[in-house]
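In what follows, structures are represented as structure tokens.
Both complexes below contain subunit A, partnered by subunit B and then by subunit C.
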Partner chain A sequence: MTLGVDSYREAFESIRASLPGERDAAFDAFAAKGFPTNRVEAWKYTSLRPLARQRFRPAEPDMEAAVPLLGDGPRIVLVNGFLREDLTTVPVGRWAGPNGRADAEEEPLVALNAAMAGDGYVLTIGDAWEKPIEIVHATAPGRTGPVAQSRNRIVVGPGGEAHVVERHVGLGSGAYFVNGVTGIEVAAGGRLRHTKLQEEGADAHHLWFMPARLGPDAVLESTVFTFGARLSRNQIEADILGEGAELSLKGAYAVAGRQLADHTSRIEHRAAGATSRQVYKGAIGGQARGVFQGHIIVAEGAQKTDGHQLNRALLLSGRAEIDAKPVLEIYADDVQCSHGATAGDIDGDALFYLRTRGIPADTARGLLVRAFLSEISEELPEDALRRAVEERIDAFLEAGA
Partner chain B sequence: MSRVAAETVEQVRSLGDRYKYGFVTDIESEQAPKGLNEDIVRFISAIKDEPEWLLEWRLEAFRHWQTMTEPNWAKLGIPMIDYQDAYYYSAPKQKEGPKSLDEVDPELLATYDKLGIPLREQEMLAGVAVDAVFDSVSVATTFKAKLEEHGVIFCPISEAVQNHPDLVRKYLGSVVPYTDNFFATLNSAVFTDGSFVFVPKGVRCPMELSTYFRINAANTGQFERTLIIAEDSSYVSYLEGCTAPMRDEHQLHAAVVELVALDDAEIKYSTVQNWYPGDENGVGGIFNFVTKRGACIGARSKISWTQVETGSAITWKYPSCMLHGADSVGEFYSIAITNNYQQADTGTKMVHMGPRSRSRVISKGISAGRASNAYRGLVKMLPGATSARNYTQCDSLLIGSKCGAHTFPYIESQNRSARVEHEATTSKIDDDQLFYCRQRGIGEEEAVALIVNGFCREVLQQLPMEFAVEAQKLVGISLEGSVG
Partner chain C sequence: MLEIRDLHASVEDQAILNGVSLSVGPGEVHAVMGPNGSGKSTLSYVLSGREGYEVDRGEVLYDGRDLLELEPEERAAAGLFLAFQYPVEIPGVGTMTFLRTALNALRRGRGEDELDAMQFLRVVRQKARALGIGDDMLKRALNVGFSGGEKKRNEMLQLAILEPRLAILDETDSGLDIDALKVVAEGVNALRSPDRAMLIITHYQRLLDHIVPDRVHVLAKGRILRSGGSELARELEAKGYAEILSEAA
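Right, the complex of A and B next:
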């Protein structure tokens, strides 16, 4: 029996008439598999069973809601998965639905998004942008939990260069479900820095899929900060298609209570001479769980590949848990690939050192957790953004994780 | 150049032939009819004159097996295996059990000579007791008297069933239950023989125990069952090595090894596996689906697995440690070499339950030709594993652009005070090292053998001396034809 299909079929039927494009094939692709269960290897550690059992109504546009912004630079704002033209200052295209062909997506949830997404931005970067582009995905829980699904694309042309900051926020308290896609294409010689800040509400479920393609000498640096949501998964699938491309994926997360933060990445080196770097660091408190699945594939012929991956987790409470699966799958011989993973509590020696200097244990722990996560956050070029991240880390520590 | 490496080069040079163990002994076999059903299980049990409880256990396993399907999660392309198209029992024809080597079929003894297991010589020189398994029945056991003196029981498991039924009944299936997995369940139903070792309290086994397994007779699956029990404060080192004749038809091998270590006990289990890997076109070769698991039940107990896997067309094997005891230790040292069309999916599981339990995993995978070599491992820290520690290192070496090397580690920690560290690297043979060797007049193939031996050094060092030499030879032989 497939999980969650019936309630989504009902939701899909209720909005199909209003959706642009051909949707049935995509919905069928979802319905064939349903929500993945733990028996699916890629979802071994993250159970969607409770989410699939919950009923959500398709989110509707909200043209009134106020949206908190980080800065006053160029921006794109979406509420409940729909573009707010009144708040958007950057010229963008709109997603017009699946392009006729059956979107036989392998991931059923991506297929569900293709079937039900009502909107999404298409951002084209043809030249160099000086200021970061802020993109806000806000969701209002309302009285009945909505499912917000948007399908977005960032296209960086040759010579294009920008820093895009995608923020995910909840407007008010309550349960909701976000199932989104941001596709990224960086053409030959293009450069994109992409920062994602996930601050969804405490009762939210956040699943975000990011397929990325890199051309020759393209540079993509994508960094994710995960703080919010009851359950979240940030899934990146990057295909390196051009020689000399550089990919860097980073992540920092701090979760507590009963949160689950899942970071899944798959990098496929299909061209020679490219490099990829991954560093994911997490602080896990309460009864929270961290999940890391990193997968580097080096295809036959992708010689001179340089791929490295590191995952480190701090377990801050007796009931915290980390599950990591760093996979290397290599079909070319002239490569340098590695991965490393560690899990454990704060280093006792470092803690002792600080305490001998008269720093109270709690403060010392806080300092060490901050230092641990700052390896990722200190690289943020914008002060406002870095401060926003640091505030979240402080809040996490103050809550006594 | 170190002395060990020099020896290796010497040995590699001296071994001109590809697979010197490819021959078939012509001995009339006593076989059960082809196929697998309850009658065959009863037949095996009856021919071994087993007690009722063991037959029941086998039948339960067989019934359970019928409800199971073959696992398909490993990174292996496994051809369809027709379990009904094989013989599940075959024994060298003999009227009575041999009392000494003189009673053993001379043809069998000649076979062992070709394999390099000179029983008599070993009896005198090496001080190693050999329980040689030829197909399914143990043929000769040496040094029994000396072991008995120390109270060590070392005998075929079929004999242990007769003479020490209480021990067998207590521990058989205690580490690998008959429901464990498809191949272990099959083994539980049809196992024919294997070794049984019992080391009593406080005894340090006076010699290395070694068994040579050998597959013979066409279309015979071999299903060994090994059970080793080390009581409080005892120590035993067990060596297992195997070679098989060259054949064109796939042969299935599904063994189960169970180790039990009580308080302060230590078991060291070493394997050199050199079964027929198939020819350079991927025709023939052994399918090796093995379940090996040790339980560190006692406090401060230790189980150490060392394996050198160079043979078999397909290897599916995960020697594991269940670390129940406080301060218990699990170790896994592995070299897996695949060449031509060989496939290996091997690794370990370290499950930490006891406080301060420690584990160490060192895995070296070498892939050449069109082979596929995967490390698959699990390190799990359960809530009780306070202050437990794990260190894992898996390195892969690729030789040639058509092979694959993969790493699939699973790391699960539910205890904040437990520390897990995992490192893995994949690379090819360093051009500079190769150039250096070539410049000194060392042929390319020898140079590769030399460098690979260096790459595997940490693991080779773990092997008992007599096996370390053999293993070094194997490393060179297995990679022949992979360069140039």
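Right, the complex of A and C next:
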């Protein structure tokens, strides 16, 4: 029995004729496995069963919807997974469909995206961009819950340098499902700072996959902030293919109620002398759950690899939960790799110290949660972006998580 | 102002204070001296409301109110301040943010207007200068990477800014060299006033050379064994604790 295949086959067939490119192979690759169950190791802690049982109609372009923007710099706007050329100010290419190699997709949901995605941007960075490029992925729930799937690519050429900010927002309340892909390629000597701000609606499901490839001396810093969605997963699969490449993956999340925030990464060092750093920090309240899976693979011959990962969770209620699974898989003998995970309550000594200065317990807790997450947010180079993140953290605290 | 009556307290079911009685009037400076393990820090934590310190018997009245009923922040709002022996390092919380949050919380409680950023900066700069605290220290996260002496001076800065009515100084002299000790003592002396009381908890007499107390109490085995004037501190320095302990036994 494969999970979710029948309803998506129906949805796929209803739109297949309108989709560019050859899609059947991709859908077959999805249908062979269906939605992953908890029996699949990589999905052990995040159950998609309720999501797979929900019926979503394929999202349609919406050329009317107003989209809130963070700044007034260069931007790319997608609504329901379709590019809004009228709101986009950056020259971009469009995704033209899979090229027939879809059966190689390991992840069935990425295959589903290849089968059904109707659009997606291709952003090529050939030189240095001074201003950050804001990319908005907005989804309108509408009356019937849509599934929005877009397939996007960022290609940084040699000498290219940019900060790309991908924001995910819901337009109005209601259930919807986002199943997206942003592929990242950073060529020799290119530099990309990538910030993702996930602010989906409260009833949304958000699954986003980021396959990344780094060439020699390429630099990729990707930081994700997760606040929205009922269930979300940010999955990064990075192949370090060039010597001396530097990869930094960071994340901060604040979830409460019955939210689940899953951050999964798989870094494969296939070239020597590269570094990778991962730091994920989460504040988890209510009955919410955090999932962190960090997998570092050092291939044979990838000597002098320097790979570290750290996951820290602050559990703000007795029913909050974190599942952390770090994995190091090392086939070279001259490497430096480490992992660490901590989970705990707010530091009682710090709380007492603040309270003896007259700071009420709630305010003191808020200061300490902000301080905990600020290690990630304070590195944001743009004030407007940092403020947007801080406002989300404030809202999280005010909601009494 | 502070009335401690037959206070018994325990930590993890182990009795630490075994009947402490002490009375501090407005404007008075009292010193509580005692050897290690005598219950000095326990006394300061019980007075400031730390979790895990159980009061088994006795009472503490502050301006006639039951102090032990209040939460730590309520005690602070009522004018109590504890200068910590080991100030806590809090990464990610800026020293200035912390000071301003604390001062404005107290001002709100007293029905006073909160200070805006500029007014606050003026207050802090002026008081920091008097304690030899530079802007670089104020820019760092609270106590993070501070030397022992910097942490103690930061406690004195908080004392000066928050202007409590009853200040408890727990081993404030530990970790200070002689110059820093003088700076801190001058800061404390400047805050002495007819309506501000202080309880100075210390192992050694040297701080009391600079801050001369009205009364000195010797705390050992969880009880006050002797009380006297400031000359008692010098007697302790000369004879050590052993003799007084054996006299009392």
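One rule holds for everything that comes next: the second predicted complex is superposed on the first by the 399 of 401 C-alpha atoms of A that agree within 3 Å, B and C clash if a C-alpha of one lies under 4 Å from a C-alpha of the other, contacts with A are read in each partner's own complex, and residues count from 1 in each chain.
Following the convention adopted for this analysis, a residue touches a chain if its C-beta (ideal position, glycine included) is under 8 Å from a C-beta of that chain, and two chains touch if they have at least 3 such contacts.
Bear in mind the structure is a predicted one, so any value in this text is a computation, not a measurement.
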Just subunit B (first), just subunit C (second), both, or neither: which does A:Val90 touch? neither
Looking at the overlay, what does A:Ala341 touch: subunit B (first), subunit C (second), both, or neither? first
Mind working out whether A:Leu19 is in touch with subunit B, subunit C, both or neither, as first, second, both or neither? neither
Go through the superposed model and pick first if A:Arg370 touches only subunit B, second if only subunit C, both, or neither. second
For A:Gln303, decide between first (touching subunit B), second (touching subunit C), both and neither. first
In the superposition, subunit B vs subunit C on subunit A residues touched: B
Which holds for A:Ser317: it touches subunit B only (first), subunit C only (second), both, or neither? first
Shared contact residues on subunit A, subunit B side and subunit C side combined as an intersection? none
For the complex, give me every residue of subunit C touching subunit A. 48-51, 71-73, 75-77, 81-82, 84, 87-88, 90-93, 97-98, 101-102, 105-106, 109, 141, 158, 162
Per the contact definition, I'd like the list of subunit B residues that touch subunit A in the complex. 73, 381, 383, 396, 398-428
Residue ranges of subunit A in contact with subunit B within the complex: 41, 300-301, 303, 313, 315-345
So in the complex, the part of subunit A that touches subunit C is made up of which residues? 347-350, 352-361, 363-364, 367-368, 370-372, 374-375
